[in-house]
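I've put the structures underneath this note.
Each of the next two complexes has chain A plus one other chain: chain B in the first, chain C in the second.
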Partner chain A sequence: MFPLKLVVKNAFRRKVRTFLTILSIAIALLAFGLLQTLVNSWYAGANSASSYRLVTRNAISLAFSLPISYKDKISQIDGVQEVTYGDWFGGIYIEEKNFFPNFAVEPRGYLKLYDYLIPPEQSASFLRDRRAALAGCKLRDRFGWKVGDSITLKGTIFPGTWEFMLAGFYQAGVNDIDETQFFFHWDYLNETIRETMPHRADQVDFYLIGVKSPDLATKVSLAVDKTFKNSLAETLTETEKSFQLSFLAMSDAIIKAVQLVSLVVIFIIMAVAANTMIMSVRERTAEYAVFKTLGFGPWPIMVLILGESLIIAMTGCALGIALTIPVKNAIARALSDYLPIFILNTKIFLYYAIASVLVGITAAIIPAWRAAKVPIAEELGRIP
Partner chain B sequence: MSAVPLSYSLRNLWARRLTTLFTALGMASVVFVLAASLMLAEGLRKALVGTGSSDNVVVIRKGAATEVFSGIDRLQAAIVETQPEIAIGKNGQPLLARESLVLVSLQKRGRDNQSNVAVRGVGESSLSLRPKVKLVQGRRPRPGTSDIIVGQNIAKRFQEVGIGQTLRIGMRDWTVVGVFDAEGTGFGSEIWADVDQLMQTFRRPVYSSITFRLRDVSEFEKFKAHIESDPRLTLEAKKEIEYYLEQSKWMATFLRVLGISLTVIFSLGATIGAIITMYASVATRTREIGTLRALGFQKRSILGAFLFESLLLGFLGAMFGLLFASFLQLITISTINFQTFSELAFSFSLSFTIACQALFFSLIMGLIGGVFPAFRASQMNIVDALRTH
Partner chain C sequence: MKGGKRPIVEIENISKYYHRDSQTLAVLEQITFTIEEGEFFTLMGPSGSGKSTLLNLIAGIDKVDGGTIKVGGVDISMLSETQLARWRAAHVGFIFQFYNLIPVLTAFENIELPLLLTALPRRKRREHVDAALNLVNLAGRMDHYPGQLSGGEQQRVAIARAIITDPTIVVADEPTGDLDRVSAEDVLDLLDRLNRELGKTIIMVTHDPRAAAKAHVVRHLEKGVLL
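Showing the complex of A and B:
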C-alpha cells in the first residue's frame, strides 16, 4: 500500500515553508516559460513564411540593390507565377523610438502574394493613390491613426521627409504574421530619387517571387540565380523561410544566451526545492528511526520522501501553469509594439511537467539517501 | 552584554553546511545572471566606446543613421578636406581619411550560415587615425592594389580569410596580406581594403564617411556649425566616440532590459530560498535562542545575529556567482548589430563596479530573506522557547 495520505500530510506539515517552495517553483517555471516563448517568437517570422514564396536579393549582401530591369526576366522563368519587389525604407516616424518596419513595395503583386485581411474599399484606395500607404492594425492602435491621416516619415537611407496618405489597415490572416509593418508605393519613392539621386534610381532591394507549386521552389531559385550569373549584380534566391532563418542566424548568439539562462532558472528551483527537502528530512529524522524500528526497510522511507518532494514540485507546476497564461497576456500587451508576435506554444506546459518531475526527483535524492542510510540508534539520539 | 559573537553565526552556517550550500547556490545563480548581463552590456560599451577616439570627428550624410547608408560625393569631400580645423600629419598632409563602407555576406567557419561583414575602404591616413588598430601578422596593404587586411575577430570566425588566401568580393579576387588587432574595438570585426579600388569594384561614386583628427579638440563645435550651415553640403559631423555609441544604442538597451527583467524574476526565487532557510534555521534553534536570551543577550543582539547570518549567506552567494561569472570573460559573443546590420564581436567584461553591484544585490537578497525570520527569533518568549524540546 502506498501511504499517500501520510505523504500529503508530510508535505503540508510546515505550511509556510511548503507554500514558499511551491511559489518559488511556480515563479521559476514561469520565467522558464516566458523565456522559451521569447525565443519562439524570435523565430515566428520564419515559421510563418510560406513555401510558395522566394526572396531574391543581391548576392553581395542585403545592403546592395538589384536593377528593376530584372523583373521581366524573372517573370519569364518557368514556374514563376507572380513577381513583386520592394525596398527597405527605414524611415523614422517623429522619433527613433517609434520604430516600425517600413517598406516601399510594388503594391499589386505584394497584396497578391500575402493574404492580408483588408476591407475592399481600403485596398482599392491604397492601389489607386500613388502616395497611399497601408499600415498594420497594431500601428493603428499604437499611434491612434485613422484612415485618411497624413503620415510623415523621415528618411535615413533615402534622405528627406516623405509624406504619405494612410489608405487603410491590414490584419493578419494567420496568427504568426507581423501586424506592425507599413507599406507604400515603390513608384513614389523611385520618382523622387530619380530627381535627387539619379545614380540610386531604378534599383530595388529584393524581389519576391510566388511559385506555382512548392516543389518548384528549388528549381526556380537555381534558374533565377543562373540567369544573372556573371552580371554586375549577381543574385541569391532562397525560400522566404531560409531567408528569414539566415537573418536570424546572424543574431543567434544572443538567443543562445537566453536559452542558457532559461536553464539556469531550472537549476535555481532545484536548489530551493532540494533545500526544503533536506530541512524537512532533517527535522523528521527521529520519525524515520521509528519507522525503521517498526520494521520498514530503507525503500519505503525513500518512497515517502520522494513522494513528498514530487507532490511539492507538481503543485508548483500547477501554479506555474495557472500563472503563465495571464502573465503572458499582460506581457504581450505591454510589449506588442516591440515584439509583434508573442504566442505561447502549449508544448511549454509539457516542459513544465518534465522539469518539475526532474526537480522533484533530484531534490529528494540526497535527503532520501541520507534517511535510508543512517543507523537507527544514531537517528534516535540525534538532536533535531 | 551587547552583541552575540560573530562566530556563533559562522558556526551555525557551518553546522548546516548542505543547506547553506544550496541556499548560497540559489543566490549564486542570480548573481551569475545579473553579473553576466551587466558584463555583456559593459563589453559592448567597451567595444564601441573604444572604437572612437575623443579627438576624431566623423562626417556622414545628414540623417543617415550609419556609414552604410551614407553618401558623400567627391566635391563635398574636397570641401570638407580644406577646413582649417583639421590636424596636419607628419608628412604635411591633413590627418583625414575618406572611407567607404560596404556590407558583404561571408561564410562563417565550421557552420553553414553567413553573416554580414563590414568591408571598409581605407586611405593612407586611416591607420594613423586609429591608434588601437595594429598589424599583428603580415604587412600593410599597398595603396592602389587589391590587398586587404582583416580584423582578428573576422580571421577567427570566417572562411577564406587566412594570410595569402584570396577572397572573392564583388566579382574580384582580393588577397589577404595581413591580420590586425583592434584591442577589442569594433574595427576588429571589419575587413580593410583600398578605398578607390573598393569603390570601383562596387561602382559607387560616393564615399561613406570622412574621418579626421581635430587640430584642437575645443574647435569641434566651430567645425560642426561651419559644415552644417554650408549650403553646398548636406552633411553632419559627429565626434567619433558619440557616433559609435549611437550605433549600439538599440542593442545596449535590449541587453539592459533583458538583463534586468531576468534578474528581478530570478531574485524572487532565490530570496524565497533564503527566507525558507532562515525560517528553518530559527525554528530548529528555538531552544538555543531561549538560552541566549536567558543568558542576558538582548532582543536586538538576537536580531543582529540572525541578520548577520543571512547577510553572510548573501555574501557567499555573491562570491560563488562572481567566481562562475568571471569565467565568462573567456567567451566572445559575435552577433549582428541591427543598427549597422553588420557583424560585431565583443566579450563579457567584468569590472570592479559590476562586482560591487552584484555583491550589493546579493546582500540585499540576504537581508530581505533574513529580516522576517530574524524578527521572529528576537520576539520569542524566553520561557516558552526554553520549554520546546
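Showing the complex of A and C:
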C-alpha cells in the first residue's frame, strides 16, 4: 500500500540516525526487560512459596533459635499435617567464592513438604544415611559432583570440618524452586555439636509446618504462637511467603531503585525517539507544506508522522525482543551462582510492545502537531 | 483572448499586509480583477512586487486581510483551514518553481499523491496516472525517483501532479525559473497545450518575457498595485 510505503521510506530516509534510534530503543527495552527479570528473580523464592506451608521462628529474631521440644507440641495443634525443622548451616565449600545455601534439615518431613524431583533410590539413600546429603542439580553441574562423592564443608556458624556423602540430586518440580541448595541431616549436626558445644544442641532455627488446608493457615499460626506465649522462646509464625518477603524487605530500597531505573529507561527512550522525530520533521517542513498545498489536511499529515514514529519504535521493539532471549540466557549462565532463578517472564514482551507503542505515540505528538500547523505560504517562500 | 467564457476567478478589493515587529507592510492593496475560464493568465512584476503572494491567495494557501476572492463561484476567503485544504485538493493544481516533488517517491507515486485524497480505487488511480504520464511524455520514466530525473523532467512530473485531479485552475509560480532554455521551452509548450487542448485555466507568475508570451492576458504588478 502506497501511503505505508511513504511512511516506511520516510522512516529510513536518514539511515544512520534511524538505525541508532532503533538500536537505542532496543537496548533500552533490553535493559528494562533484564531489570524486570532481575526483580522477578529476587522475588522468585516468595513466588514459589506454598500457601500450605508456614514458618515458625523465634519471635525476637531469626538469630535466636527454638528448642527441638516444640516439634511435638506443634504436631498436636489442630490443622497441622506435617512438621519439620532445620538450621541455616552456612558452610563453605573449598573457598568462599563457591557459595551456595546449605541447611541441616529433618529430612523425612522436609521431602514431604517440598515438590522435589528425586530418583527414588537417591531419595532412599539420603534418608537412610545420617551423613548423607542432597544437592540441587545446578550444584552438580557447577562442581561436577557425582552420587557417592564425599563433600566437605567448612563450618562458619558451626565451626569444624564437616564431611558428607552425596546421596543424590533434586530437580525443581516447579519453575521457581532454587536448584542450588544443599541439605543434610539435622541429627548429624546436632550429635556433633552436642559433644563440642552442648549449650547449642537441641536447638533449631526454624520449623516448617504443613497445614491441611490453606484456609487453616491463619488459625494454625495463631495457635502455634499462643502455645508458646510467655515461654522462654516465644514464636512468630507466618506463611512461607510472608517469611520470604520479610527477608526481601531488607533489600526493598534496592529493588525499588531497580524498578525506578527500569522505568526511567523508558522515559529516556521516549526522549531519544522524540528527538529523532523532531529532527526529521524539521528537515521536512517544506515537504509538509507541499502536502498541504496538494490538499492534505492536518490529520493525514499527523498520521504520516505518527506512522513513521511507530515504525521506528516497533522495529526497535522487534530488535529488543530478538536480543533479549540470548542476552538473558548469557546472563543466567554467568550469574547462575548468585541468581539461581533467572527466568524471563514472556509477559515482558507484551510490556515491550506497550512501551514501544507509547514511545512511538509520545515521540510523534509534538512534531505531528508542528507539521500540521505549518504555514504553507511561509514555508514555500523558503524553498530551497 | 482565446476561450474566455465566464469569470472563474473574481478578485475584489483584496489587500494583504505583512507585519514585521511593529511595522506593517502593505504587499497588495485594493486589487480587483477577474480571470476567465480557459484563460492563460500571466502576472509579471519585479521581485517583491507581491505577485507570488497574489498567486498564493488565489490558490488558497494564504489568507487575505481584506476583500474577497471567488474561484468557481466559491468565496475562498470565507473558508476555514480544513475547508480550504479540501477545496485545494479538488480545485487547484500547483506548479512550483523548484518542482517540490517528494524525493522518496517515484514519478508515478508523486503524480498519484493528490489522488489519495479522492475515493478513486487503485485501478482507476493507475489509469489516471498513466494518462498524465503520457500527456507529459514521461511514461518511460515512471519508476524513476526525482533525483534520477533532469530539472525539466521533474517539472513535467510536477505538471502531471498538478493536473491529475482535473482541477478548476492550475497555478504556476515561476515554473521555468529553475530550468535551462530548452527545458523551459518544453514546459511552456506543455502548459500551452494544457490550455489549448484541455481548456485548463492557467495562472502563471513569471519574470520571463518568453513565458509571458504564451499567455492570453499579461498583467503587471508593481509595489502591490496591479497596473
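Heads up, the rule we're going with is that the second predicted complex is superposed on the first by the 377 of 384 C-alpha atoms of A that agree within 3 Å, B and C clash if a C-alpha of one lies under 4 Å from a C-alpha of the other, contacts with A are read in each partner's own complex, and residues count from 1 in each chain.
As a working rule, a contact is a pair of C-beta atoms (placed from the backbone, for glycine too) under 8 Å apart; a residue touches a chain by one contact, two chains touch by 3 or more.
Please read all numbers here as calculations on a predicted model, not as lab measurements.
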Based on the superposed arrangement around chain A, label chain B with chain C as either clash or fit.
fit
Regarding the shared-chain residue A:297, is it in contact with chain B (first), chain C (second), both, or neither?
second
Touch check for A:71: first (chain B), second (chain C), both, or neither?
neither
First (chain B), second (chain C), both or neither: which does A:258 touch?
first
For A:131, select first, second, both or neither according to whether it touches chain B, chain C, the two together, or no partner.
neither
Could you look at A:17 and tell me whether it touches chain B, chain C, both or neither (first, second, both, neither)?
first
Vertex chain A angle, Cα centres of chain C and chain B, expressed to the nearest 10 degrees:
90
Greater residue coverage of chain A in the superposed arrangement, chain B or chain C:
B
So, does A:142 touch the first partner chain B, the second partner chain C, both, or neither?
neither
In whole Å, what is the nearest CA distance you get between chain B and chain C after the fit?
11
Need the overlap of the two footprints on chain A, from chain B and from chain C, as residue ranges.
384
Per the contact definition, I'd like the list of chain B residues that touch chain A in the complex.
18-19, 22-23, 25-26, 29-30, 32-33, 36, 40, 61-65, 68-69, 71, 102-105, 113-116, 169-171, 202-203, 205, 234, 254, 258, 262, 265-266, 268-270, 272-273, 275-277, 279-280, 284, 333-336, 338, 341, 343
Residues of chain C touching chain A in the complex
52-53, 56, 59, 61-62, 81-82, 85-90, 92, 94, 96-98, 100, 102, 104-105, 109, 112-114, 116-117, 161
Interface with chain B, chain A side, in the complex: residues 16-17, 20-21, 23-24, 27-28, 30-31, 35, 59-64, 90, 154-157, 159-160, 197, 199, 230, 232, 234, 236, 246, 249-254, 257-258, 261, 264-265, 267-269, 271-272, 274-276, 278-279, 282-283, 366, 384
Per the touch rule, the chain A residues reaching chain C in their complex are 2-3, 5-6, 9-10, 13, 286-287, 290-298, 300, 376-377, 380-381, 383-384
